[in-house]
Amino acid sequence: MTLLRDLAVQSVQMALVLLLAPLLTGLVRKVKARLLRRVGPPLIQPYRDFRRLLGKESIVATNGSWLFCAVPYLVFALTWVAAALVPTFATGLLFSWSGDLIAIVALLGSGRFFLALAGMDIGTSFGGIGSSREAMIASLAEPAMIMIVFSLALVAGSTQLSAMAVYLLSLQEGLRVTLAMALFALIMVAIAENGRIPVDNPATHLELTMVHEAMVLEYSGRHLALIELAASLKLLLYASLIGCVFVPWGLAPPNSDLRGYAIGLLSYVGKLAVCGIALAAFETSIAKMRVFRVPAFLGAALMLGLLGTLLRFVSGSF
Amino acid sequence: MTIIQPLTLVLLMPLLSAGFLALMPNYRVSSAFNVLASAVTLLSAGLLVVRPPQPNDYFLVDELSVIFIVLNTFVGFTTSLFSATYIGHEIETGHLTPGYVQFYHAMYQLMMFGMNVALTANNIGLMWVAIEMTTLATVLIVGIYRTHQSLEAAWKYFILGSVGIAFALFGTILVYIAAEPVVGEGLPGMIWTVLNSRVAEFDPALLNVAFIFLLLGYGTKVGLVPLHAWLPDAHAEGPTPISAVLSGLLLNVALYAVLRFKVLLAANPRAMAPGPLMVTMGLVSLAFAAFMLYRRRDIKRLFAYSSIEHMGIIVFAFGMGGPLANFAGLLQMTMHSLTKSAIFFAVGHITQIKGTQRIGDIGGLTATHPGLGWGLVLGVVAIAGLPPLGIFMSEFLVVSSTFSRAPLLAIPLVVGLLVAFGALMLRLTGLAFGEPVGTQAPVRISYVPMFAHLAIVFAAGIYLPPAVVVWFQHVASMLG
Amino acid sequence: MGIATTLPCIAGLLALSVAAIALASSRAGTWVIYGISLILSAALLVQGAQALLSGAETSLVLPLGLPWVGAHFLIDPLAAAFQVIVNLGAAGASLYALGYGRHEKEPWRVLPFFPLFLAGMNLVLVADDAFTFLVSWEFMSLASWALVLAHHRDPENRRAAFIYIVMASAGTLALLLAFSLLAGEQGNYAFNFIRIATPGPLTASAVLLLVLIGAGSKAGLVPLHVWLPLAHPAAPSHVSALMSGVMTKVAVYAFIRIIFDLDGLPEPWWGLVVLTAGAASAVWGVLSALMESDLKRVLAYSTIENIGFIFVGLGLALAFHANGLATAAALALVAALLHAFNHAIMKSLLFFGAGAVLTATGERNMEHMGGLIHRMPVTAAAVLTGCAALSALPPLNGFASEWLTLQAILLSPQLPQWGLKILVPACGAMLALAAALAAACFIRVFGVSFLGRPRTANAEGAREVDAWPQAALAAFAFLCVAFGAFPGFATDALSAVTLEFLDVRLPPQADVPWLALVPISAERSSYDGFLILVFIATSASLAALVVWLLGSRATRRAPAWDCGFPDSNPATQYSASSFAQPLRRVFGTTVFQAHDRVVMPPPGSTAPARITVEIRDPVWDYFYAPLAGGISFVAERLNTLQFLTIRSYLTLVFLTLVILLLVVAL
Amino acid sequence: MQGLAFDIAHLLAGSLVLVSFLMIYQDRLPSLINVFALHAILLAASVAWQATIQNMPELYVTAMIALLFKAFVIPVSLRRMIVQLGIHREIDTVVGTGLTMLAGMALVALSMVVMLRITAMADPLAREDLAFALSVLLLGLLMMVTRRNAVGQVIGFMSLENGLILAAAGAKGMPLVVEISVAFSVLIAFIVIGIFLFRIRERFDSVDMQALDRFRGEQQP
């Protein structure tokens, strides 16, 4: 019985992230447009794009290899699995123990790995630019992320997201400098990882500063659709990560009743909305930075993470 | 009691054959006879091991000297084998005339005679005479090519050698003067057995001065720095069989004398300890030779300096004393003789093939002459102290016993070993590998002596027969 | 079973190398030698696995080696574990060489030494007294030295071999000193004596430093690594695989054997030293790999990085062990051992791939490759797996061991020493950095050499290698996946080692549901490679299915879009050095004084503009070069003594006499 | 008797040292050879005196050998040689004689200190003899070091060996072995030297060591 319910919850969550992801992207776009005094596309535009792209034939460059065609599915799968492991509206998911936060970070890393390879597969200069810059950004973003994991794990005594959420929910810790630093670092990393302004600009082409778009330049049709979906899934994942770790309120505890789940669902949607609006506001209020300023940006994140970890020792014994 | 004592055979055989060879014009016959005589000497030396004779006033064969004698006669024999082919080629290419070869063979046996006498002598005077005789014999052979370089080398060898010999004689006289009040006038004052039994009562101060003269005198022949100057040139300019014998045997004979006197001095409690002196000279020789190896342009000088380095290690080990270090010293000495002569066998043929001794003009031997090249590689690897060859075992014992007793002494030792190792391997990579360099004269090569030596060294590195071990351990304890 | 059957196999390898001298020049030589060494190493592998799983100890004494000590041999769980690692690599290399070895120009320079090398490594593992250990150790170096010289006509290789053998014997001397400290005055060189005698703290610490030099120089710890990127690529590829994947693990074995087994109880600060060395090596190695464009050399540098990972694990184990935190120590040790095992697989795999590329294109420089995925599909797939594993991507084996190491790092708050408390997370950060850089490095490796368009005619005409290498590649790629999915089995097997030295073991993972990895407790942390793998597979195929059902199925081949102005010239692709340029600007400028120099032709000339990248290795510049300079300076100065006149030599003798007389007189 | 014996022995040995100084002082070969002959004669005399006071007749043999070879045969042949080579007018010394004399003084002092301090218990005769012998030896070595010319070096070497014989003779009852060996060594030495000077001349038209020095090891002439 419980197994069935847990299974249901798990599958609901997996479906949920899949459904909400384009919506979040649409929300961000819409809000940005509004802030720029434009009407902007409707919220459901991403779904339409997805359908349209799905319907188109996909064009593969003559010397594209099997890897090029396999990567979209792989990237999508990796991101989806990662997203499925993050508690969105309920903790104690059935399979959440099959991978902890480190594994989630690594899963996203493998997604990036294959995407970068796909960027180099056609053998164009743009793909190379994208991949090499992505590699540089990742080489700083990932350690920063691991440091964040460390500081959180040292606070919560676990690398399991559910356990973290439960622990922080119980609020024995009070508000901690470590957590604040971790939050800042996490936001910076999230911005970099999702290729948002100021690190990258998802809305531009033919600009020598683009990173993610350059990698996927050669993709079209269904492949592009999957990649877009994966990108928005990634954005959703980070949003829900921030939500579940730093504002765990409303999360439905394991084997709670329907009401609990409903609360959890609502609070989750609310968190996502807040995140999306905040992101849009942030993006409109800041300018894109030069590529070689990015290391400094991410280095700061890394330092914050490390500092948080070390401060963990200073403030209070384990 | 047989008619002919093995001892008399060991001594007479070389002497008589020296006389015979001096009169034998045909070089083929004479080199064959040379081999035969050395073989007989070796066999009778083997008999010595089985039935050592009673010591008398003039001759003494104990465990220590037997080691040296067997080694001496064995390497003498293998070298005579090598020398047969070597000399043959020298005659054909006209580097040597039959007359000189006649002279060469006579001197070879005379030298063997001298060394055997020195090793079996029970009388410090007799020992001195014998060693002087070997010196003179080798001086004459070193000069045999009569090129400018060889003359210079021989002359240098002669002058430095005779000065050393003079020192040794003075030391010998001092020992007698020290002994004379105790054991009385006449012969007994020069007999090892007597001296060893009564040395505790001798005048210690006199013994000290005596030991200094003896160490310098015989140390010159051992090739200790700074008395070494004759050694590289004598090795480089003489015929290669003689280089092999010099490195393999003559140094050992001188070392034997030094050891005997070291034991004598150590047996007198009031005299100074000989150890520190030997340790210092050993380390100096090791370090000096190690650095000198780098700038060598001449292949034979290279290995001559490596001989100095190894003599340094050996003297160091004996200076440290104690069962482990002495055992290591004996082992190192044996292995070095075998390995170094094997290397010189290889080098002899290499220089004949390439027609030069310049390292720069020799290269890629493993490609052109696999047998010779890999033989050289094996030899150098052995001499550099890599396992599983014999020298690794002795160096293992030297270093480890030193480091656990006197760590500060082990540091220079290890550094010296490493520096020398680097130089040897550097040269080896140039000689044995890479694109072949230099000419390719057709040469008849005798692999047997070289690989026989290397096989023994290899076996010893893995397995020492218990008999040998016990034997060496006795001697080690005897050396104190 | 045990030692009684292991030694005969090793003896068989030795005999084989003797036979190889005769067979080397014959046509069948390659088949016979590699075939038999494959069989023998497989046998050793099986025996090792049995000994490890049974946890039994078997020992033997032969009347060899040092007379009064004899040659002691012992197989305990530690030795067995590394026997598995070594012989897995050995079997793979032999299998690979069945095909690869036939391209060898001068087989007689490889065949006799290959079994010798295998025998040497196996002997080190079973040796149980100092002399036998060192003999086998140096024997191993010697055999590999000969193999590095296999292609001796290239002066670079000769230089590599020279540097290698000198540093190897320096390391051996350091180990020798360590052993003589442990053996003490009366020279008890047998390990069972040394185990009983407990050295004083000072001695023990000295031993640690000496072993760090001795084993570290073999393993390639910074700054003792300089020989490694020279020597490993110089050898034939299957030997490179052995040297990089396996011989470095033998060095790790030596470190564990001496420090954990023989050297008494550790001091807390030991962990500090080892950790720093490990972390430094990890970052340094991967950065150097990113700057390098010679494929095999990149792999060698990545070996340095992974050795750093392993030593971080060992350092943690030491730190925990010193503070009596046995379970944490066990976790760290298992992590280190598991990574040693995994790295042996991954690195062998990649060197096999590099060898395949080398035979197919004759190129080692990535700048001359490209597009190989079309011409060598099998190799490409295998190498891709290896790259992903080495980049520590789930669900492959590289990630499992890295994950365990991170879990061990997360236990650092238990440590009482503040230095360690602070240092360990910093090391964790460096490890994370190294891992991310490794991912970048292997994107570069695979992307430049296998993807894109061929850059040279050689790459154009590449042809897939024959069956044996493909078999080896496929087997090892499979192992990467298998041990990524089920790391639990490996950790369970390895816990025999932790039981041996720390008297504790990790909770048996076989009991955990879904074969997950739960080092400490389920609510603390858990990872299930198998499930992740299943999820990825299912969701990917699900997506494919959905697209297949709903979306268009049409695919058109067309020239690349490339923002509208595609260039047919493959030189316009991103090259290895241009891929690394951002990272070079971020990390390389300070560490390696890396800078690009652009040479613009004068206006009007048709000459192409040239860009050259200059990279200097500070370790070499500031440590080794001065050392060599010093030696040659002293040699030069002393050399004048070779050219004095007889009179001056007499003067030397004279002065010596006078000085000694003065010494006696006064 | 003992006193007188001692005094005479002392006188002879002492004058031997004095003559060694004289040899160091000579910077031309012919005069050097003459002085060496004198040195040999004195040696013979002191050995003979030792023979009488130790009443060891065999020492007379040594004395005779020394007289015969070192005082007559060798000097004569050497003189002929240098005349042949036409080097009898050359200045032979490297270092100024004055400096050499000073060094010699120091050496004698050293040998006195060494010997007299250590051989306290040996009988005075042996002591004195040893002290003088050592100084003769050191002076001979000094001469070898300061001479440029092969002949000069050989003479230095032989004077060094005279010192040895003096010591041997001084040692009470030292067996015949040694005298024979010494004589025989001198003999051999002389032969070898002769051969070498001969060879050196045929190669270099001189016995100047600097001619040889050009062919020191490893230098490509």
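So that you can tell them apart, the chains are marked A, B, C and D in the order they are listed, and the count of residues begins at 1 in each.
In this section, a residue touches a chain if its C-beta (ideal position, glycine included) is under 8 Å from a C-beta of that chain, and two chains touch if they have at least 3 such contacts.
Just so you know, these numbers come straight off a predicted model, no measurement behind them.
Of the two interfaces, B-D and C-D, the higher number of touching C-beta pairs belongs to B-D.
When chain centres are defined as mean Cα coordinates, A lies farthest from subunit B. Subunit A and subunit B have Cα centroids separated by 79 Å. Between the Cα centres of subunit B and subunit D there is a gap of 31 Å.
Centre-to-centre, using mean CA coordinates, subunit C is 70 Å away from subunit D. Taking each chain's centre as the average of its CA atoms, subunit A and subunit D sit 101 Å apart.
Shared interface positions of subunit D, i.e. residues touching 2 or more other chains, are given as 114, 117-118, 141, 144, 153, 212-213, 216-218. Those residues of subunit B in touch with two or more other chains are numbered 155, 159, 163, 205, 208-209, 232. Here the touching chains pair up as A-C, B-C, B-D, C-D.
Subunit C contributes residues 642-647, 650-651, 653-654, 657-658, 661-662, 664-665 to its touches with subunit D in the complex. Of all residues in subunit A, those touching subunit C in their complex are 54-67, 69, 73-74, 76-78, 80-81, 84, 95, 97-100, 102-103, 106-107, 109-110, 112-113, 116-117, 119-129, 131-133, 135-136, 138-143, 145-147, 150, 153-154, 157-160, 163, 205-206, 217-218, 221-222, 225-226, 291-292, 295, 302, 305-306, 309-310, 312-313, 318. Per the touch definition, subunit D reaches subunit C in the complex via residues 94, 107, 110-111, 113-114, 117-118, 138, 141-142, 144-145, 147-148, 153, 209-210, 212-213, 216-219.
By the touch criterion given at the top, residues 123, 125-126, 128-129, 132, 136, 139-140, 143, 146, 148-149, 151-155, 158-159, 162-163, 165-166, 169-170, 172-174, 176-177, 180-181, 185-187, 189-190, 203, 205-206, 208-209, 232-233, 236-237, 296-298, 301 of subunit B touch subunit D in their complex. Those residues of subunit C lying in contact with subunit B across their complex are 63-68, 130-131, 134-135, 138-139, 142, 149, 152-153, 155, 158, 161-162, 165-166, 169-170, 173, 176-177, 179-181, 183-185, 187, 189, 631-632, 634-636, 638-639, 641-642, 644, 646, 649-650, 652-653, 656-657, 660-661, 664.
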